[in-house]
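You will see subunit A twice below: alongside subunit B first, and alongside subunit C after that.
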Partner chain A sequence: MVAADVPQSIPTGVPEAAATAGLNSLKAVGIGVPLLYSLTFFAAPLVFLVVLGFWLVEDFQVVPALSLDNYLDIAEHMFAKSNYALAIAQSLWVALTTAFFAVLVCYPMVLAIVYVAPRSRHRLLLMLAVAPFWSSYVLRLFSWQILLANKGIVNSGLAWAGFENLQFKLLYTQIATRIGLIHYLAPILIVVLYVTVANIDRHLIQAARDLGATRWQAFRRVILPMSRTGLLVSTSFAAIVSFGDVLSGALLGGGAGASVLGSVPLFSNMIMSEYASSTNLPRTAALAMILVLVMVLMLAGGAALAERTKVDAG
Partner chain B sequence: MNVISDIAAPQVDLELRGIAKNFGDFVALEHVDLSIERGEFVAIMGPSGCGKTTLLRIVAGLESMSSGQLLLRGQDISALPVHKRSTRLVWQNFALFPHLNVRQNIAFGLTLGRHDKAAVKAKVDEIAELVQLGQFLDRRVSQLSGGQKQRVGIARALVTEPEILLLDEPLSALDAHLRIRMQSEMKRLQQRLGLSFLYVTHNQSEAFSMADRVVVMNKGRIEQYGPPEEIYTRPRTHFVAEFVGSNNIFDGKVVDMQDGLIRVQCADAIISAAAGERPPGKGSTVSLVVQADKVRSSPIGMPGENMLGAVLSGREFTGSQVIYYLETASGGEVKMVAQEPFSQTGRAAINMAMQLYWSPADTVVLRPNIVPGVENMPGRHSYVALGT
Partner chain C sequence: MASAIHPSDPLAADGRGWRLAGRLYMAVGYFFLVLPIATMIVFSFQKGQFASIPGQGWTFQWYGKLFDDGTLLAALLNSLIVSPLAATGACVLGFLAAYSIHRFRFWGRGAFSVLLVLPVLIPPLILGVAFLGLLSRIGLQGQLSSVILTHMVVITAPAMAVIQLRLGQMPSSLEEAAWDLGATQFQTLYKVVLPFALPGIAGGWLLAFTFSFDEFIIAWFVSGFEQTLPVAVYAYIVGSVDPSLNAVGSIVFALSMLSLIGVELLLFPILLSQYRSGDD
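Let's look at the complex of A and B:
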């Protein structure tokens, strides 16, 4: 019998303890490495930033302190001079609308991949959708500059086609900022949404159709509600990334691109220019802390919404 | 509905005419004809890949057919899209909407068009009572047991008042005990509603216990269509004989014919069988089918009909009966089922020589019939029963 051979080949006692110890040390490594990583590259810099926000600058020298001066100064400028509140509002407005339109563009693409394309083509189509991700972000923004410029490809093309009166002023507006961000976010959103939509059991859609639902009703009553968590996750992800992004606002938005709120820079662009021009690093750190705080609030909001739908879905 | 047609002979609910389906080069269905009468419970049975589920999905409109015609209560529905057909499917994996509760699941089909909320509620309550779900209407689907889930699946279909209910192995996801309870429940429900059920299963006892008529399918074709008793006692083809019940099959050549009996030379003995109305000619190759529970054993040396010597090679005690596995001199296996395990054979010992016999009247004759169009393929025979 095979079972009888096993105890003979493994002497009792010591190796068993060794095996348990081995497993425990494997567990320790498994938990320890990621923990060490996030302590080193996430928690430590964040703590440094928090601490730095309380330091002061005296005689062009950064001095350790425990002062709220930076925050008080920023609070003073919330609605005056630099007008940080307006910049935060601009950032929120741009981030939320970007997230909305990014999902609005990506979700139909994902639906087309999952439900229109044959299953054997899914991988290829996903690869194509994700391909822009492997080119440089800055390079993509420069390309958009060429496309969107007043005498850029879009407007020249329109003029060439005879639509001289149909010219768009897009570059250095927040519309251009959003276009750059959506192009940047699309590959990630498509992957996130693909996972959600591809996991919807096709039998459910067929069951809906069998019960008398048209294609549109099957989408409205089954696919859309079952995509809700994925849609919320990808929307909050897009909003948070957009809120923190600097490059699109600088290169396509021109630093202070126009939106319905006026020609107001994004909060992230404001921090960036403060960082580049001022010698007051602690104050910049305090501004950055405010950015982080708003991001955390957005994340919490998204998570709360997602959690509510999860409960709804049983 | 007019009175004359009500009086007329049994009405046909569903009629399948020459349904064929190809997936590329693969023939999933090959000219299937089938008709189901009003209020009939028809089970389609066959091994996996025989095309039974494809057939059901074609009737539902979820799958297109390569050729053929579908008539539902006399109306041609071949070109009708799935959502306009008054057929409803009950799913093997339940296919309940996880984002909706039980009430919303059942009401789904009623709330797609214009509807009166109070009327929908009343209908849902009524059907929920019928399938004993009344107290679960506010539950989430994930809080239900397997049996309750399938009740929701059935209620969701029935509430829309379909003209026929299609069931795709609806009980195969349930455990054996629950399956048997649900079988009788489903049969009662079907009889009470007088609704036609087309029920796909790979489970023979499920098909036999519920269905008025059983379809046995193999390789995209119908092998036999008839009442369960007929399928069981009078298999028409070699495939049905092998697939259904526990049959013994002997191949041989007809050597003699007299007094309404044909005598067939098989590997181990000459076996007699009732010749029937269209007996096969002398020298033709036939297969003989004997049900395992028609085989008896007698003391060695006693004369009688259809004597066959064999050695006991195995025994299976199932409670109410014992299945004996025996080996003939030529190495063929014979099964014998005895209801009274310890009477005649006593406690038969393995390797004991036994003498088996059975009545020629219990022997079904199958004549090999070459499948049309594939004459040149070696080994592809199907056997068709002679007049029974």
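Let's look at the complex of A and C:
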């Protein structure tokens, strides 16, 4: 993704006749095939998703229409029956706190890798951190289920070790949802943050230390500001992924896991379960559009906030 | 990356306490990362249906049950059809796109690469609904091919990224030499560029395969009754507590460790090596 901008000189000398042979057809295939595929199977479905939200279901058949019924119905149930507004609030709350804690947990991990572990070990440590990412996400969540269950491995292990009074009720709460998500996000965040932190010029840190800065001051004044972009990117990435994820909320949150907001399902889980029970695709499309809208607003809010902190810091 | 000019770390030169704290933190972190995978492997060999400590003895019964039962195995086979084909398709698209971006200057070049990378930035839940919407209009839903076609959209970007990294390391003199020696555009592509890009394509393929193999929500929407492994596993988990899942998990993890080693051998050299000039 980065290499796209590597300037590549095009041979300027007059090409031989043979060299130009097939140049145009090569260009046509090279650009045309991926472009056509992308337009047909990526752009077209997204455009159609917007259209589909205005269609209706009559006699179990999807029929073209230009109707606001889906959206009006959803608006009606924002604070009644399905309580979409509560589900959206729950999703935002879980996604934002997950993103915050995920970065809070991964950043010190990366600092430890970069500044404590010897350089020759970095590659191994990164490989190890990325390893969970290569195992199936659904199956890892199953594993977390048997770990976190009320009589699961964590609790039975604690009891076995003599801590009968130290028992956790985690499964089917949004805390479990967050644990699953953080475990899912950690490998990616560690790699992104590693690239950021490892690229900080050590001379700057050395200079700060030489000039009498304490270790904490060197961190606060040099490392932290220089990690800013990496931290912002990983936080927003984590928030987007958490907001759109269905699996952790369904399997660890149990569909309607409890949080401080109450036992309310995530909006993403609601979309999935509504489609499973109704197979009403136009309505599902409308709900999906609302998810997109909320996500765009969330990102815009985050960007505005980042801009403000930049001004404050400066 | 900063080179190791200072033999002693500026942050840890005299801070034993900090070093110790850092090591402890890493230990806890890696324990957290490994915990569910270790659990999965250990309890796939444990007798009790409900996992608890202390264990209840060792057994192979869950692996046996897996092969007797068949639904998960059928799904695994489906996945082993879908993911290699989708990864291959993604590599074809990814290579064509990466080469065009690398080689040609054309109108809308920036937009072209954004369009190809965009699918990974959109939540798969949205894509799942969108794909099903369109596919069901043209009667393509509920087949293995619908999963292949839609997975290709999402996994082309990672494949392309790796191939781009590799092409970025290709000295332009290599192609020029081929042209000077009389090779046509297609000959150069086939005999010079493709062999050079091969490690990148292989690395990209493994990455694309892994993404497809683990993808859930798009497959859930478009696959219908032709479930892929994650979809079947999800249905299974929602239905019951069955340690056979640990057995599947262990098998899948063993498989993906193989691909991880492949990535380690193919991908990391590309990511870590610098641009080398013409003589290799």
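What we mean here is this: the second predicted complex is superposed on the first by the 256 of 314 C-alpha atoms of A that agree within 3 Å, B and C clash if a C-alpha of one lies under 4 Å from a C-alpha of the other, contacts with A are read in each partner's own complex, and residues count from 1 in each chain.
As a convention for this text, a residue touches a chain if its C-beta (ideal position, glycine included) is under 8 Å from a C-beta of that chain, and two chains touch if they have at least 3 such contacts.
No experiment lies behind these values; they were computed from the predicted model shown.
Asker: Applying the touch criterion given at the start, work out whether A:H203 contacts subunit B, subunit C, both or neither, answering first, second, both or neither.
Answerer: Both partners.
Asker: Could you look at A:L293 and tell me whether it touches subunit B, subunit C, both or neither (first, second, both, neither)?
Answerer: Once the two structures are laid over each other on A, A:L293 reaches no partner at all.
Asker: Counting only touches as set out at the top, which of subunit B and subunit C does A:L211 meet: first, second, both, neither?
Answerer: first
Asker: Should A:R123 be classified as contacting the first partner (subunit B), the second (subunit C), both, or neither?
Answerer: Touch partner of A:R123: subunit C, not subunit B.
Asker: Would you check which partner chain A:M226 touches, where first means subunit B only, second means subunit C only, and both and neither mean what they say?
Answerer: Touch status of A:M226: first partner only.
Asker: Identify the partner contact of A:G22: answer first if only subunit B is touched, second if only subunit C is, both if each is, neither if none is.
Answerer: second
Asker: So, A:W144: does it touch subunit B (first), subunit C (second), both, or neither?
Answerer: second
Asker: Once the shared chain is lined up, is A:V33 touching subunit B (first), subunit C (second), both, or neither of them?
Answerer: In the superposition, A:V33 touches subunit C alone.
Asker: Residues of subunit A touched: more by subunit B or subunit C?
Answerer: Counting contacted residues of subunit A, the larger count belongs to C.
Asker: Contacts for A:S268 in the overlay, against subunit B (first) and subunit C (second): which applies, first, second, both or neither?
Answerer: second
Asker: Where on subunit A do the contacts with subunit B and the contacts with subunit C coincide?
Answerer: The answer is residues 201, 203, 206, 209 of subunit A.
Asker: Show me the residue ranges of subunit B that touch subunit A in the complex, using the header's touch definition.
Answerer: For this pair, the touching residues of subunit B are 60-62, 82-84, 87-89, 91, 93, 95-99, 101, 108-109, 112-113, 140-143, 156-157, 160.
Asker: Using the touch definition up top, name the residues of subunit A that touch subunit C in the complex.
Answerer: The touching residues are 1-4, 6, 8-11, 13, 15-16, 18-23, 26-27, 29-31, 33-35, 37-38, 41-46, 48-49, 52, 62, 105, 108-109, 111-113, 115-117, 119, 123, 125, 127-132, 134-147, 149, 151-153, 156-157, 160, 183, 186-187, 198-203, 205-206, 209, 215, 218-219, 240-241, 243-247, 250-251, 268, 271-272, 275, 281, 284-285, 288, 291-292, 295.
Asker: Hey, which residues of subunit A end up touching subunit B in the complex?
Answerer: Residues in contact with subunit B: 201, 203-204, 206-214, 217, 221-222, 225-226, 312-314.
Asker: Give every residue of subunit C touching subunit A within the complex, in rising order.
Answerer: Interface residues on subunit C, with respect to subunit A: 1-2, 4-6, 9-13, 15, 18-19, 22-23, 25-26, 29-30, 32-37, 39-40, 43, 50-54, 92-94, 96-97, 99-106, 112-113, 115-119, 121-127, 129-137, 149-150, 152-153, 156-157, 161, 164-165, 167-168, 172, 175-176, 179-180, 182-186, 188-189, 210, 213-214, 216-217, 220-221, 229-230, 233-234, 237-238, 241, 245-246, 248-249, 252-253, 256-257, 259-260, 264, 268.
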